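Some structures are shown below for you to check.
Each of the next two complexes has chain A plus one other chain: chain B in the first, chain C in the second.
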Partner chain A sequence: MNKKLGVYICHCGGNISDYVDVEKVRQSVEKEEGVFLAKTTMFACGDSNQKEMVEDIKSNHLDGVVVASCSPKLHLLTFRAVTERGDLNKYNYVHANIREQASWAHSDDKAGATEKAIHIVKAAIAKVRYAESLVPIKISSIKSVAIIGGGVAGMKAAIELSDLGCQVYLIEREYFVGGRVSQWDTLFTTNETGKELVTRLYNDLAKRKNITVYTGTEVISNSGSIGDFKLKVKITPRYIKEKCNQGELQNAIDACPVEVPDDFNFNITSRKAIYHNFPGEYPQSPVIDTKNCTRCGACEKICENVDFSQKEEIKEINAGSVLMATGFDPYTPADGEFGYNLYNNVVTLPQLKRMIDLSDNTLKFKGREIKNIVYIYCVGSRQVEGENKYCSRYCCTSAIHVAITAKKKFRDIYNFHFNRGIRTYGKQEVLYDESSKMGDIYLQSYEDDPPVVTSQNGKTIVKINDILTGKKELEVEADLIVLVTGMVPRKDNSVGSLFKLPKGRDKFFNEIHMKLRPVETVIDGITISGACQGPKNIMETVNSALSAAAKSYSYVSKGVLELEPIIARIDKSLCTWCNACSKACPFDAVKMEEDKTKAYAVINNSVCKGCGMCLPVCPTDAINLIAYSNSEIESMIDALA
Partner chain B sequence: MATINPRFGEELKKYGAFDFNACYNCGNCTAVCSLSTEDDSFPREMVRFSVLGLEDDIKSSLKPWLCYYCGECTTNCPRTAYPGELMMSLRRWLTSVYDWTGLSGLLYKSLPLSIFAFILAALGVIIFSVQEKFDLATIMHYGHYFEMYAILTVFGVILLPNIIRMWWFVILKPEIKVSFKNYLSGFWELMVHMFTQKRALGCDDNQLRWFEHFILVIGYLGLLFTTVVLDWFSSGSLFITVLGYLLSIIVFTITVIFVSERIRKKKELSKFSQPSDWLFVIWLFLMGLSAFGVRVFIDTKILENNIWIYLLHLIILVQWALIIVPFGKWTHFLYRSFAMYFAKLR
Partner chain C sequence: MQEQIKEASYDVLVIGGGIAGGEAALNLANNGFKVLIIEKDLSIGGKMILLSKVFPTLDCSACITTPKVSEISRQPGITIFTGSEVKKIIKKTENSFEAEVLKNPRYVIVEECTACQLCEQACPVVVKDEYQFNLVGRKAAFIPFTIASPKVAAIDIGNCILCGACEKACPPKCIDFTQEKEEYTIKIKSVIIATGFKLFDPLMIPRYGFGLFKNIITSMQMERQLAPTRPFNTILRPGDGKVPCKVAYVLCTGSRDATIGNPVCSQICCMYSIKQAQLLMGALPMADVTIYYLNIRSFGKGFEEFYEQAKGMGVNFIKGKIGRISEKENGNLILRYEDINENKVKETEHDIVVLSVGVIANRDAATLFPDEQLKLDAFNFINQTDPLASPARTSIEGVFVAGTASGPMDIPDSILSAGSASAEAMSYLIQNK
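What follows is the complex of A and B.
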C-alpha cells in the first residue's frame, strides 16, 4: 500500500484561513504516510489551482488526492473532474470539509478549529489510502416504455415517445381511452370539448405503428427494474368481435335487461351491461361488462358479433422505463357534508357538468327546473379537519366555467359562488371577470365558518356569514347545490404499490424534487405525470406528460445505462440468508439465490442505491458498501480519535 | 338575515347603473374616496349591497347622498366597475323609492314616458292660451299665479310626504332613537347644507365646480324669488329689473358650462348622462334664457307683438314645475341636504 498522495488545503479566501491556521494543518499532514505533496491554496476551486492540480497528478503519478475545503455538496464533483483530467480514476479523490465543519462552526476557537481541521484531513487521507478505481455499472436498456393510464397524459406521452422512436405500450384499465377528459363537454379557456381533445389524440395514436394500446388491461405484477421492467398484464376481453354492425348492436343494447348506475355520468344516469359511454368514443366498439351481465343471452340472439367465448389473457410486456399516468378520482363528499346524500338536490361539480352536457333546453334535476344554483367551493380540498390540506387547483376555474356555460345554455340561471377566495390564476382570470360581469354573485367565508345548508318547508336554504359584506348573515334559496369537489388520488392505486412508488403526505405519487426533478421518482426508471402526482388541470397535465416522456426516453434512448458504482456487495461465503437485509432494503434490491450448497443474498446492481440500510442489520457482517467498507470507516475513526 | 336578490341588479340598470357586478371587493374605491370615513365608509359597501340586491339596506342608508361624485373611485377601479356611476344610479333609485306616487320611477326608467309628459304639459299651456284667445295680460296673470300655487302644491303634496318617507326609511324603520332636542339642534346643519352644499368641498380638486354649483343655486333661488315674490315681469323698480337680469344670466351661463361638460365627457362626473340629467340642466338653461328673453321683450316693448316668447317661457316653466321639480333630478336639492341632516341625527 504505497500510494502517492496529494493533499491541498484551501484558504477559501479567508472563510477558512481566518479561523484555521492552514499552514499548521499543512505541516501536520505532510509527514503522514504516503503524502507526497501537501500544499495550501487561496482558492482550491480557482482555475489556476485546478490546472496546477492536474499538472501535479500527471507529473508525479499521484494515486490519491484530498482537497480540504468546503462542503462536498459544493465541490466534490469539481475535484472528481480535476482528478479525471489528471488521468486518475475519479473515485481516488476524497473530499474533506474544513469550512462548514471547522472554521465556520468554531469561529470562536481558532486553536480548536485548527486542531479539528487537522483531524478531518488526516481522516480523509486515511480513507484515500483505501480508495480503488471504480467504473460505472453498465446495464442494457430496452428501447421501449410502458405507459400506465390512457388519459390525456398517457396518450400525449405515448405520441411523443413514439415520435422519438420508442416502442410504446399504452395500458388502460378501462375499456375506453381518454380518461376523465372524455367525460367533459366544453373545457375552460379554449371551449373545445373533452371529446374533441381525445379524438385528436386517439387519431394521432392510431397513425403510429410503434404504439400498442391495451384497453381493459391491468398490470398485475412486475419483476424487473430500470432498463428491463417485466410487467405482467391481464387483458379482459370486450366479448364483442372487432368488426360489428352498429345497427344490430344498438338493438342488442336496447334488449339488455340489466341496468346499472353509469359511472361515466357519475351515476346520474344508468346504463346497460352491454354499453358504450357515448357514440364515437375510442376504441369504437362497445363492451360487455361481465361483472353485471347475467348471461341471459338476449344480446347474443340479436347480434352475431357478441362473443362470449373470448377469454381473459395474461401477457408479458418488457419495457426500459415505466411512465405512470393513472390520474385522479373526484372527491366523494361524506354523507351529510353540505347536505350531500341528505337533501335530494345536492350534487357534485362533475355531476353538474354531465347534467349540463346531457340537457337540451332546460336544466332539470329530478324533474324540477333549476334556476338558482349554489356552488360551494373547496369541498374535499383545503380541509381544516380532514387530511386533504392541498388546493386542487382546477376547481375554482372549472366551477366558474361551468357556471358561465349553464348561464349561456339555459334561461334565467342565477349562479351563487360560496367560496373561500377565488384562485383563477394565470390566463383563467378572464373567466372570473366574465362571470362576475354576467351577474354571478360571489360570497366568501373563512375556513372556520363555512356556509350552512338547511332545509325549510321543502326549500333548501344556504346561509353564509359573508366576509365581503361585513360578515352579514346572508341566505339564498337554492334549486341545486353543487359541491365543487377537488381531486383525490385514485381509490384503487394498487399499481403504485406494485412498483413501491412512494406517496406524499397528500397520498399522491411523490416526485424526487418538486422543482428540479419534478417527474422522476426514487424508483429508477419510473416517471410520473398528470394528476396521479397531484391536482393539475389539462394544460399542466400535458406539460408534465411531455416532461415525463422526455425523462423516460433518457433512460432508454442509448440502449445502455450507466449507474453509480457505489453499491452494496455481498460476501457469499459469509452470507447465511436470514432475510434481514432484504427486509431492510427500501428499494427491493436484495433477492435470494440458491446454489447446490446454500441460499444467499444477491444485490440487483441496477436497483441498489448504495444507501447502506442493509449493512448494520447483517448478523454475519457479510455486506460491504463499496467505497465505504468497514476497514475504510474504521481507519477514518482511528485518524479522528 | 337577508336574502340575496340578483334580480335587483337588473332593476338598478334601468336607472343607469352598469358593470358594477364586476366588483371583486378590493376596496380601492373606498380607500381613495376623500369623503368616506371609518363610520360612513363607501362606495364599496353600496356596490356590494347592489350586487347582492339588499334593497332594505340600501333604502335605510344615507351613503348614496353623502357622495358628491368626484369620480376618483371610478378612475381607480381595477375592474372598471364604475362605482361612481353606481352611486349616481342609487340616488336616482332612492328618489323613486322616496316618491309615494311612483311617478319618479316611471319617468326615470322610460324616456318615451318623459317625452309624453313634457308634450302633455306643453299642450296644456297651448290649450289654455287658445281658450284665453292669446290675451297676454290674462295669460301672464295666470302664469304668475301658477308659479305660486304650483310651488305650494308640489311641496305640500309631493315633496313633503316624500321627505317624510325618507325620514321613515332612514330613521324610523331602523328604529333609531332621536331626541326632539336633536331634531332642533340639527336644523342649522340642514340649512347650511341646503344653501351651501359645503360637503362637496371635501371632494379633491372640486373648488371650482363647487363654486359654479353654489352660484347656480343662488341664481336659481334668487330668480325664483324675484319672479314669484317680487313679480319681476310686472315690476317697474330698476333694482328688481336689474336683479332679475343678473340672476337669469347666472342661471343660463352656468348651465351652459354644465351642458358642455356633459357633451365633452372629460370628467367622470359628466361621462354618463341619463335623460333625467340632460332634461334637468337643459330645462334650467331654457328657464333662465326664456325668462331673460321675456324681460328683454318687455323692456324693448315688443312683447305685445311677440307673445310667443312668453308662451315658450310658460311651457318651460310648467314642465319644470310639474315634472322635473317633483319627480325629476330637482329633488336632489332636498334629499342631499336632508341626508346630511338625518346623518347628523343618527
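What follows is the complex of A and C.
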C-alpha cells in the first residue's frame, strides 16, 4: 500500500476556484492518511507546475500522486507522464475530476461544490493507496497500412505512406478509383478538372512498388486489431482480361443490348452492362456489371478479351493500421421535396454538374434548352424538420462555381440563387463576388419560410418571400430547378460497423477530439480522413488525408506498440464459460478457449479497452479489472460516503 | 562589440510556434526528425493559448493548449528559440538551406529564473500589457502571462528605465543586463512557414469610432475578459468600469469589405462571436447580447448546431450592416444600421460594442527568401501552388506552409493543415536523403 502521497489541487485559472474553495479542499485532505504534501496550483497542467511536480516526486520519493483538476479525458495522460518523469511508475497516479463534476456542475452552490470536491479528492486518495506499478502491454506492429476508399483522400494517403516506406493496400469498392472527384468537371481555384486531378494522383500512385490497388473489392471481415488487422476482402472480377485491345472492347460495348441508368452520371444518362466510367478512367479497363448482364454472349462473340470464367476471389490482408477514406453520398431529395420526382425539370447539383460536363454548345435537359436556372440551397442540410441539422460546408461554393461555369460555357444562362445565407467562407468569397458581378440574382429566405415550387400550365414557378427586398413575394419561371444537395454519410456503412467505428450526432465517423486529435478514433489503430468524418472540400480532404497518413504511420513505424495495461483479466479456475461476458463486450475482446478439462473465456489484450462491461454480468465473479479491484472501489465508496 | 555567430543544423526549421507550428514540429520530432522552432514572441502557443474557450466544444482553450505546449517544449527532438527572428533563408544546394537567425536578449537567465515574480513587484514602470490586449498594465520586468512557455521573466528593454530594482529583488540573481543579441547560422533541409495571421486593426474604419469611443473593444479584448486568466474577474466596459448589460457584436469588421482592402471572409469571426455571446450569457445572466451580421457562416462540424444553441439561449441575431457608431454622453453607443429583415434604417443603443475583427495576412515571411520567389496570393497570404493535391506546397521546393499563413482557418483546420505540412516535409526529407 502506498504511504507517501502527493496531492495537487488545481485552480484551473478560475474554472475551478471561482466556485470551489481550493484552499479549503487542500486543508481538508492534507491530514488524510498517507498524504505527504498537498498543494494548490493555478494551472496544474502548466509547464512550470509540471516541473515542480517532477521535483517533488523525485526529492520526496513519493509513491502515489493525485491531481484534482479537470476531466481525465483531458489530462490523465499529462499527469501520468509527469509521474513517470519523476521516476515513479505512471500507474501510481490517480486523477480526480473536480471541474466538470464539482465546480461546473454546481456553479450555483459554492459551499456544496467545495464539499463535493473534498469528497472526490478523498476518494482519489483512497484509490491511490492501492495503486500498483503496471507495465504497458507490448505488441508488435506490421509496417503496412490498409486504406479503405480509393477517392482523392485514399489515393493521397497511399502516396504519402508509400513515401514513408510502408506497404500500402488501397481498397476500393467501385471498379474505378478517383471517387467523387472523378465525377466533377472543372474545380474551383485551379480550373483543373476532377479527372485531371485523379489522373495526376493515379500516375503518381502507379509508379510505386509498395502500393497494391484493389478495385471492385470489399472488406468483409476483420479478426485482428492494432498492429495486426487481419482483413478478409472479396474481389469481384471485371470479367475482362488484363491486357486487351481497347478498340475491340468498344465494339463489345456497342453490341451489349442492356441499358441501365448510369450511376456515374447520377442517372441522367444510361450505360450498357459492359461499361466505362469515362475515357481514360483508372484502371483503364471496362467492366461487366453482372447484376445487370443477361449473359446473352453478344460481347463475348465480338471480343476475345471478355472472360466470363473469372472467379470471385477472397484474399487476406494484414495491416498494422487501417485508414478510413470512405467518403460521402450526395443527399437524395425525398419525392416531392421542392418538386423532385414530381416535376420533370428538377435535378440535383451533382446531376447539373454532369449535364454541364456532357453538353457541348447548348445546355439541354430532356430535349429542352435551358436558360433560367433556379438553385435552391440547403436541400438536405440545416434541416428544420429532418435529421440533418448540420451545414454541408461545400455546397454554397460549389453551386456558385457551377452557376459561373454554366454561364461561361453556354449562351443566355440566367442564374437565380434561392439561398439561406451564402457561406462562401475564406477566400471562396471571391467566387460569390464574381458571380454577383456577372449578374447572378440572389434571393434569400429563412429556414422556416422556404421557397415553394409549383407548376402552372406546364411552367414551373419558384416563389420566395425574399428578405433582401423587404420580404417581397418574388417568383421566377424556371427552365431547370437545381436542388443544391448536401453531403450525407454513406448509406452503406457496413465497413464502419465492421470495425465498430463510433458515429457522431451527424452520423459521420467521430474523431477523438475535434481540435487535438481530429483523425484518430477510439478504435486503436484506425484513423479517419476526408468526408467520412464530415463534409469537406477537396483541399480540406487532402489535408486530413495527409494528417491521417502521418498518424497511421506513427502506429506502424516503430514495429512495436505499447498499449494500456488496464484491462479485464479472467480467473480461469472460476470461469464456467456461460458466454455472458462475451455478449456484454462492446469490442469483441472475449473469446472462448478450451483445454482438456473445460471451456473458458480469454481476453484479447490488444482489443480490450478496460471498459468493465463484462464484470457485473459474470455470475461467478471470475473477472477482475486491473487498477479497479474490489478493494479499490470499496475504499473509494467509503471515502465518498 | 563583435557578435559571436553560432552554427547548428536541423532537418526542419519551423517558423512560428503557434498551434500550427507546434503541431507540425511535434509530428516531425515524433517520427525522429530534428526540428528548430523560431518564435518571435516570448512564449510559444500563439494566439490559441490566449483564448477563453473554443467553439463548438467549449473546451477551455488554456486547458487544451498547455499540455500541447508542454509536450512541444519537452520533446527532445525540438529546439525552441523564443524572442527570436529569422532574418533570411538562402537556398544553398538542391535540398539544403541556410538560415540566419537573430536571438534577442531577454536579459534574464532562462535556466535560473523560477518565475517568482519578485522582479515584477519591484519594477516601477507600468506599460500596457499586450498579452491582455491593452486592457490592463504590466511592468517592464514581467512574466508574459500565467501559462507562458517558458514561464520565465523578461525585461522589456524599450520601456525599462534601468533603475536596477529588479536585479536587487531577484533571489537567484538571474537578471543580466549584459546579455546581447546572438546570431546563428543554421543549416536546414526543409522549412515550414507557420507564421499565422494578424488581427484587423479597426482604426482603419473611422466611422466605427474605435479608439475614439472608449466602450468599443475588439473581439480579442472580449476574449481576454472571458478567459480563465482574465484581468478583471468579470466583464467590464473600459470607459467607466461598468458591468455592461446591452452588448453588441459587429461582424465582418475588416472582412468581406473591399473598401479596406480585404474582400475575403475571415472564416472564424461568426463562430467566435457566437461562442463569446454564449459565454456572456453565462457570465452576465441579465445582459442582452445582439449580433449584427451579414450572413452567419457556421459551416464546420457541429457549428450549425452551436449557432442554433445560441439562438435557443436568447442571443439576438440581426441581419444588417452597421453604417456608423456614435457615442452618447453617458458612454453608451448608438448603432445605425439597415435592418434587412424589416427593410428599415434603425438606431439602437448599446452600452458596449465588440468589433469582431477579421484575419489579415501576416507578411513577415514574404521577404525571408532574398534569392527565391516566395509567392503570395492576391490577399498576401502564402500562395499554395497546388492547393487541391498538395495544399502545403509553396512556390519554393522544400518550403511548406501550415495553418493561417496560407489563409483564414479555424483551429481544427489549422491542425489538419499542420498535419499535412509535416507529412509533406517528411516525405520530402525521405526522398531527398
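The rule is short, and it goes like this: the second predicted complex is superposed on the first by the 505 of 641 C-alpha atoms of A that agree within 3 Å, B and C clash if a C-alpha of one lies under 4 Å from a C-alpha of the other, contacts with A are read in each partner's own complex, and residues count from 1 in each chain.
The rule is short, and it goes like this: contacts are C-beta pairs under 8 Å (C-beta built on N, C-alpha and C of every residue); 3 or more make two chains touch, one makes a residue touch a chain.
Keep in mind that this is a model prediction, so the values were computed, not measured.
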item	value
Contacts of A:Thr469 with chain B and chain C, given as first, second, both or neither	both
Partner chain(s) touched by A:Tyr442 [first = chain B, second = chain C, both, neither]	first
Superposed model, chain A: greater residue contact from chain B or chain C	C
First, second, both or neither for A:Phe416, with chain B first and chain C second	first
Chain B versus chain C as contact partner of A:Asp433, first or second or both or neither	both
First, second, both or neither for A:Lys195, with chain B first and chain C second	neither
Which superposed partner A:Glu160 touches (first chain B, second chain C, both, neither)	second
Touched partner set for A:Met539, first chain B, second chain C, both or neither	second
Touching partner for A:Ser557 - first (chain B), second (chain C), both, neither	second
Chain A residues contacted in one complex by chain B, in the other by chain C	422, 433, 468-470
Partner chain B, residues of chain A touching it in the complex	414, 416, 422, 432-433, 436-443, 463, 466, 468-470, 472-477
Contact set on chain B toward chain A in their complex	1-4, 6, 9, 19, 21-25, 45, 48-49, 51-52, 54, 79
Chain C contact footprint on chain A (complex, rising order)	12-15, 42-43, 45-48, 50, 70, 74-75, 78, 156, 160, 163-165, 187, 189-190, 192, 197, 200-201, 382, 389-391, 393, 421-430, 433, 467-471, 504-506, 508, 513-516, 518-519, 533-535, 538-540, 542-544, 546-551, 553-554, 557
For the chain C and chain A complex, residues of the former touching the latter	27, 30-31, 54, 56-57, 59-60, 62-64, 66-70, 73, 115, 146-147, 149-151, 227-230, 233, 256, 263-267, 295-305, 308, 319, 340-343, 377-379, 381, 384, 387-392, 407-409, 411-413, 415-420, 422-424, 426-427, 430-431
